[in-house]
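My questions will all concern the structure given below.
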Amino acid sequence: MIKIEDAGSGVSVLRMTQGENRFSPDFLDAFAAAIDEVEGTARAVVTTGEGKFYSNGLDLDWLSGNGEKFDWYLGRVHALYGRLLGLNLPTVAAVNGHAFAGGGMLALAHDFSVMRADRGWFCLPEIDLEIPFSPAMVALIQAKLPKETVHEAALTGRRYTGPESVEAGIAHHAVAEDEVLGKAVEIATGLAGKSGKTFGAIRRTIYRPALTALTGAAESAGA
Amino acid sequence: MIKIEDAGSGVSVLRMTQGENRFSPDFLDAFAAAIDEVEGTARAVVTTGEGKFYSNGLDLDWLSGNGEKFDWYLGRVHALYGRLLGLNLPTVAAVNGHAFAGGGMLALAHDFSVMRADRGWFCLPEIDLEIPFSPAMVALIQAKLPKETVHEAALTGRRYTGPESVEAGIAHHAVAEDEVLGKAVEIATGLAGKSGKTFGAIRRTIYRPALTALTGAAESAGA
Amino acid sequence: MIKIEDAGSGVSVLRMTQGENRFSPDFLDAFAAAIDEVEGTARAVVTTGEGKFYSNGLDLDWLSGNGEKFDWYLGRVHALYGRLLGLNLPTVAAVNGHAFAGGGMLALAHDFSVMRADRGWFCLPEIDLEIPFSPAMVALIQAKLPKETVHEAALTGRRYTGPESVEAGIAHHAVAEDEVLGKAVEIATGLAGKSGKTFGAIRRTIYRPALTALTGAAESAGA
Amino acid sequence: MIKIEDAGSGVSVLRMTQGENRFSPDFLDAFAAAIDEVEGTARAVVTTGEGKFYSNGLDLDWLSGNGEKFDWYLGRVHALYGRLLGLNLPTVAAVNGHAFAGGGMLALAHDFSVMRADRGWFCLPEIDLEIPFSPAMVALIQAKLPKETVHEAALTGRRYTGPESVEAGIAHHAVAEDEVLGKAVEIATGLAGKSGKTFGAIRRTIYRPALTALTGAAESAGA
Amino acid sequence: MIKIEDAGSGVSVLRMTQGENRFSPDFLDAFAAAIDEVEGTARAVVTTGEGKFYSNGLDLDWLSGNGEKFDWYLGRVHALYGRLLGLNLPTVAAVNGHAFAGGGMLALAHDFSVMRADRGWFCLPEIDLEIPFSPAMVALIQAKLPKETVHEAALTGRRYTGPESVEAGIAHHAVAEDEVLGKAVEIATGLAGKSGKTFGAIRRTIYRPALTALTGAAESAGA
Amino acid sequence: MIKIEDAGSGVSVLRMTQGENRFSPDFLDAFAAAIDEVEGTARAVVTTGEGKFYSNGLDLDWLSGNGEKFDWYLGRVHALYGRLLGLNLPTVAAVNGHAFAGGGMLALAHDFSVMRADRGWFCLPEIDLEIPFSPAMVALIQAKLPKETVHEAALTGRRYTGPESVEAGIAHHAVAEDEVLGKAVEIATGLAGKSGKTFGAIRRTIYRPALTALTGAAESAGA
């Protein structure tokens, strides 16, 4: 589900290949395994999807048949975000398409992100789905987005195009479709020379409250 | 499921009459409705059960058939604890029997508690059930119990008798079975002369962090 | 003091009609009563004033004759801000004129605000009045304004015109005088389709620290 | 109003000589001046009263004629507690008689306290006066008292005798009337050999949250 | 420096064999390696020393020759405490002798502790050495000790015998010299049947603030 | 090392005259003494350097020979930042040249800053020096910089020119070299009419968490 590609200069690309890349337990397992694999060898990581979607987040199909595991499942999603936020490696999201709900938060959990300029949205539709955010998810969103963007994104469910995302502080670059991955790899390559351990230590200090909230939420769910 | 009895002097007794008094959604509805009813009229509240049980907490039978609502359900339990912790009325738990897991936390959410001296335990068995506590539940437990008791109760799953509960700071009195309710009513009567509004304001200030955690957990679950 | 007008589509307008709309206890009572009234029926709320003023905040005349109630009075103002920040309804401030000191914070306690482009200022003059802010007021200001605006507004007492307020992140729109209310109603109408309960739950999660500070300050003052 | 006496070995005794030792602004000025005086010269400080009272706290007579200064006044009381909690000197309260409300908190702001065994009470009567505590006062009380004592003292207004205060963790010793000062001086003498700077640094680290709350409350009141 | 012994029932004993067991970098390496080794295999861990000392903490000799590494060194000590507090295994300290300063905090970082009844002290002598505690160390001490013991231990430097340690909430048992290890192993054996993962998750939730402070202090020192 | 100049209107200029103005203990003493001197007399303070450097921060030469004092030394640097953040005077940094690492944080600890437009950088190179920030330093940086700038400055070590610093929210103005001091004095003069006590109280309330972190770090290092 996750293909690992070597982009040179110590940069590994994790390509999510499941269409909408929704977070089924198998997908979460594969993602965690991919990070395990690159953690010891790469110096920077880029994640990307294929086609129209970066990730649409929670796997509602799976959930509809496994509702009794919802809490554990949500814990695993929190654990994924926390893993990225705590990693001893720079991370860049090459957001090739839609990044919705949990998939949008996945992008936010990276150090930098590049969006496609022409199509695809960042959107937190929870307000319209009538699903409140967990406190730990809000902690992640607030750690990464400007106050006014947190307010608008979470309370109005606005869909941001790539260029709007850059303006709103959601993404760092919006480029043509076929440059998304290249730009992300370029950023990752620029960071690959840093000490991963120091990078991780500084990032964890900056984002300590969000990291603590995500870890705590994951643990209390037994994930 | 909850019978409301007038104990005089402005003290209302909420008697839980469902055996183990597990928190089915109907039970939670009935409990909330009972509090609604006494909130405007009583000056102090006592809760109690019947027979062997005060309450055994979560309704595992209901959960096994409604797992997909687990998060919402847990939110409702958090909301119940938060409601008691924030009430503009003194509250006393007359713990007539077992107070296990969520039922133990229900007792802790009251201002004072009286246990039966001869039989019945307070127990947080989550460690042995291999279910971690939610952060908000830990906030409640830590708000009410001495540090060493939090440590022992949560990490060892020890069963405390009534007298042991008093010694450990879990309960305030341990008396003979037929004196449990009377003692609780006596305490409530002593508090019924206080201003409920001031009582609530002081309690909410003292327990602000736990109250905030419980309310937040309830809200993010849509409960 | 507060006229309630139906703007259609579930939007209620609360029009403050007392000139400078300073917060006398009667005004605070009327405001609270107006919110009580629309809480169950409206789907979004707009507040506005008349003529030159949106609100100038604390009622210094009343205070000069009732200084002994200052703490309780300030508690009531904190409670008003907390009420708006916690409401299960989207709120929009149609800032038709001056929004000074406590009146400026009133505007900030809304979800969105529209200012008049030609005249009228947002200003926190406390530094020049030599009155420090309460911690809870700072919590509200910091929850809603960008860091650099908090710094400048609170430490220099700068008066921001409507367009300057938009640039500084204080207001969302600055329009011609006769379009202020219309624009605010338009925003409210756009939000009226959301679930108020979910809207409130998300807003309370985002602004939990400010909400807790305001509520705590109100309660410890017996308000 | 405050007499400074040399008890030898670097111990200064601050004797409050105004009967009930209520906190009039003049009293607060005198207290602050006395601390200023001993801060550079003493190695430990003991405070005490005369006759039946240690201190009864707020000066209600003064307040009834100066209600408009209530907020500033309360700020000054918070500042007094904060001053003691932050001092680079060990402090011991020789509680010769009643320590009520604000006077009880004054005793709590010291490092150690000795009460009279036969007469005199520690009491926080705010619940019965229907006056909630400020958040900063609760922070002080919670910093110094065991959880169960905070609960009982603040919610029931119980009057604790000297021996009961020792049992409840409010005071460290309860001795005969004519030994109160001597015991306090003995404790202070034992601490006078410590480095005041280190003592203050450790105390401020332990009680940082309460100190921050008290300082913040004082400052926001312009005290 | 650390011998690993199998005590049966899944209990591993880590025996520190360097006399005073001061924390030289080599000692810290050995301790970390020993934990690495037992983490995957044991179900509970006991630590102990030999002869007169459990541990006397920081290695002042090493420090006097390597002062320029003080910050990194202190970070490593913080990391050690954090490691124990976060471990997915129950831990018991068999305190066979002196547990001073950093060595006392090492004992506190365990889940349970058994002290020798006849000789050996727990002592935090920092006040007399005129060395303030780091905020993270205070966080650990406050997480584990009752308020009044934190106050007395940190501000007076009192030496507590085994029985006094039990009374003050520092240790859980005080037994004859030759029963210290046996009692600790007995406790560990009783806990070895628990799920280590659940045990760790609950412990980390209870002690989240201290764990966060220790981890943060370690990371910012590059340890 | 620090020359105090009178710029009129109650504005004092503290001119750092040691080339790179690295923080040797003597420099820190001189800086503290200069603040002591102007604290009672000035109404606003401007700091500046000479030639190419504003300040390059820590004195690595001194440290290489005094490594054993590193913790105390770092505590003194934290104390310097805290002193500025807590001062009862408006402060303006006239950043005449490089502001690197600790020197950059010195500029951030002022209320306003003016940079040179043509040459000189603001830079936090810790990521490339492989030195994590202390939690208190991160608290200062986060208190003063927009989220996205904290992220970029701390994780990439980017060098910001004056104009880039203004755009990133690091500095308030970028002007020609010979206008830097004049612009800073102009800002200070505009603030010199404010009540210093109120200015300080509001600033301390806004930046309470950073101030508490800096003070705590300084104290626990015995500085």
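Letters A, B, C, D, E and F mark the chains in the order given here, with residues in each chain numbered from 1 onward.
The rule is short, and it goes like this: a contact is a pair of C-beta atoms (placed from the backbone, for glycine too) under 8 Å apart; a residue touches a chain by one contact, two chains touch by 3 or more.
If you're wondering where the values come from, they're calculated on a predicted model, not measured in any experiment.
S.K.: Using the contact definition given at the top, which chains are in touch with both subunit B and subunit F?
M.R.: Expected: A, C, D, E.
S.K.: Overlay subunit C and subunit E by their C-alpha atoms and let me know the rotation angle in degrees, rounded to the nearest 5.
M.R.: It is a rotation of 180 degrees, to the nearest 5.
S.K.: Taking shared residue numbers divided by all residue numbers at the interface, is the value for subunit A and subunit E over half (same) or under half (different)?
M.R.: same
S.K.: Please flag the chain sitting at the greatest distance from subunit C, going by CA centroids.
M.R.: Looking at centroid distances, E is the chain farthest away.
S.K.: Based on CA centres, what chain would you say lies at the far end from subunit B?
M.R.: The most distant chain relative to subunit B turns out to be F.
S.K.: Indicate the whole-number Å distance between the mean C-alpha point of subunit B and the mean C-alpha point of subunit C.
M.R.: 38
S.K.: Calculate how many whole Å lie between the centre of subunit D and the centre of subunit F, each centre taken as the average of the chain's C-alpha atoms.
M.R.: So the centroids are 38 Å from each other.
S.K.: What are the residues of subunit A that contact at least two other chains?
M.R.: If we look for residues of subunit A contacting two or more partner chains, we find 130-133, 135, 138, 146, 197-198, 201, 205, 208, 216, 219-220, 222.
S.K.: Could you draw the chains as nodes, link the ones that touch, and say if you get a line, ring, star, complete or other?
M.R.: Chain contacts: none of line, ring, star or complete; other.
S.K.: If we use the touch criterion from the header, which chain pairs count as touching?
M.R.: Once each pair is checked, the touching ones are A-B, A-C, A-E, A-F, B-C, B-D, B-E, C-D, C-F, D-E, D-F, E-F.
S.K.: Tell me, which parts of subunit D touch subunit F in their complex?
M.R.: Answer in residue numbers: 197-198, 201, 204-205, 208, 212, 215-216, 219-220, 222.
S.K.: What does subunit E use to touch subunit D in their complex?
M.R.: Of all residues in subunit E, those touching subunit D are 126-128, 130-133, 135, 138, 142, 146-148, 150-151, 154-156.
S.K.: Provide the residue numbers of subunit A that touch subunit B in the complex, in ascending order.
M.R.: 63-64, 66-71, 74, 130-135, 138, 216-217, 219-222
S.K.: Touching residues of subunit B toward subunit D in the complex: what are they?
M.R.: 90, 111, 143-146, 169, 190-191, 194-195, 197-199, 201-203, 205-206, 208
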